[in-house]
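What follows is a set of structures for review.
Shared chain: chain A. Partners: chain B in the first complex, chain C in the second.
Up next is the complex of A and B:
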């Protein structure tokens, strides 16, 4: 006779013992901390990028985060993503001022031609 | 329940929260009570401490069986109180529960010359005491929302001094290959500045952005001649971080602790940016 499945009772009995030893918990905790300290850097960068992207004005020209950063570097601005994201939250007007600075003169012509 | 109220002026009932509770024995050492004052025995002593009056008046016992005192008792009792006056000889619970608001006080006892108007107790013996028990009905307590209520609150609440005035300026500064938003009057943690001692004045030159209320000075890449002045407050070690390397099933574990050396810097001022070309919110027209 083949093995007969005994139903769900045995399974329920086992479900209560989702435990780990203290030593195991400690190991997993420390390993996660170590690993996530490295991930933290990329996590935050992602967050900052989405925040900057959200704030950039898309009114007249087709403009977004990638173009913004490209223009930043073209104009020799050294501000990093963290600062830009913080400014975007706290004093949004300053982002618009930076945007105006960047978009002056020649570069804007190219975008207008693209349309 | 026996409530002992010492009145400084005969017509004034002092609300409970102005009174202090004192142990009877400390006030009147000559007063020898026949029983111990426990909490449940519930003798609330309320004394108006600054001016002890000349008369002690015992208010009516909650127990309907007991009778009110016809004569006030003198302040310093030479003789101990005789038990029949303070009737608390094991009152049975049924008697206490039987108490009703329209109690069976014997008003027909005959008017003594020194009879006292005792206030009605508006609550049950074992109920929580409230202010309304002691306050007379004439008092108007202001309701929340009225200006009188707000006045009282203003007087009672602790007053926080307004925050110190600060220059409304900020700068973005690059220190130790990291950028910080910096405001005069606040401090930041930076990487260890090796030669700086405590209370040294420091000038940070790499200022990438200065923002005031009216305009920004956006540096390309640096705002020329701008400087952020700071004072070194402390050279310390950061909180410990445990570096733990682990490979499963291979018996490999390495533990290491790490404390990064750090400097705390207090920013005192931002200068030198005025000559730099400023930019404002008005968008410049595109030159075609």
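Up next is the complex of A and C:
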């Protein structure tokens, strides 16, 4: 009698095998694949942003990813984050070249606005 | 060739009082793979505690490298020197308490920063940095990469060390009340200086007698 009593909790404990059958596993797998395909896009963008942010502050103090991207957009440069991150890893100097280009034209633009 | 004047045994291992600290310092080194890592040296003399700790934690996570990967620990080895000379602002020396609970009912223990510094100054920086690292499986490995020393001596003289230059600090200007108090204190000091020069001869004689 003791084996039968104590309700469903004890019954669950007695089943020491996999408690989820094949169809359920397949459904869960497909659902997480679908959900994570969308998450993958944001995950990678996050990674690219951290990588770009790692390289940027080496040339000038108090300069970081946010300011860099703001300057890029002001100059209407359409480099996407993936490419920028790749450049940062493989050829770090090109980021500095981009940075110099932005800075040069920043000064000229401000000067023109003042006039 | 070692930078420190530490006493060495015959087989080049440190001996004596330096031994225990440096044995602890060299402790988990074998566990750390990938000596493509850099050895960054932080000098804590005069640095503010939290600001230094946040810089250390970014270096320790490897977030200043473009090859940062979140599932892999790629941070540099961080050596922190002069832990006893760390700077604390405000009233934290007396008012900041480290609290922990032993698990027994009613046993909440606490220890102030001042006591902790007299006991073990390295723990202050270590706690600060550890609590800034993300709480994941890599946290213990990152802790193993962090080596803190109370003074200037460290047994890593033969490694290729790179000093870390802290970014310049924006000190905010003093609050009006604090600034007024500072000005008042300065004025007082000047007045006292003026009065002592008037009675200067007397004071100097007194000092000479006592010396």
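Heads up, the rule we're going with is that the second predicted complex is superposed on the first by the 81 of 115 C-alpha atoms of A that agree within 3 Å, B and C clash if a C-alpha of one lies under 4 Å from a C-alpha of the other, contacts with A are read in each partner's own complex, and residues count from 1 in each chain.
Definition applied: contacts are C-beta pairs under 8 Å (C-beta built on N, C-alpha and C of every residue); 3 or more make two chains touch, one makes a residue touch a chain.
Note that this is a predicted model, so its numbers are computed, not measured.
Three-chain overlay on chain A, with chain B and chain C fitting side by side and no clash. Annotation for chain A, partner touching more residues between chain B and chain C: B. Applying the stated contact rule after C-alpha superposition, one finds that A:55 touches chain C and leaves chain B untouched.
Looking at the shared chain after the overlay, A:10 reaches neither chain B nor chain C.
When the two structures are aligned on the shared chain, A:27 is found in touch with chain B, with no touch to chain C. In the overlay built on the shared chain, the residue A:37 is in contact with chain B alone; chain C does not reach it. Of the two partner chains placed by superposition, only chain B is touched by A:91; chain C is not.
In the superposition on chain A, A:47 makes contact with chain C only, not with chain B.
Closest approach of chain B to chain C, taken over C-alpha atoms in the A-based superposition, is 17 Å.
Partner chain C is touched in their complex by these residues of chain A: 47, 50-55, 57, 61-62, 85, 88-89, 92. Touching chain B in their complex are the following residues of chain A: 27, 30-31, 33-34, 37, 75-80, 82-83, 86-87, 91, 93-94, 96-98, 100-101, 103-105, 108-109, 112. Chain contact summary for the complex, chain C toward chain A: residues 63-70, 167-168. Residues of chain B touching chain A in their complex: 172, 174, 179, 181, 208-209, 211, 216, 218-222, 241-246, 253, 255, 279-281, 283-284, 286-288.
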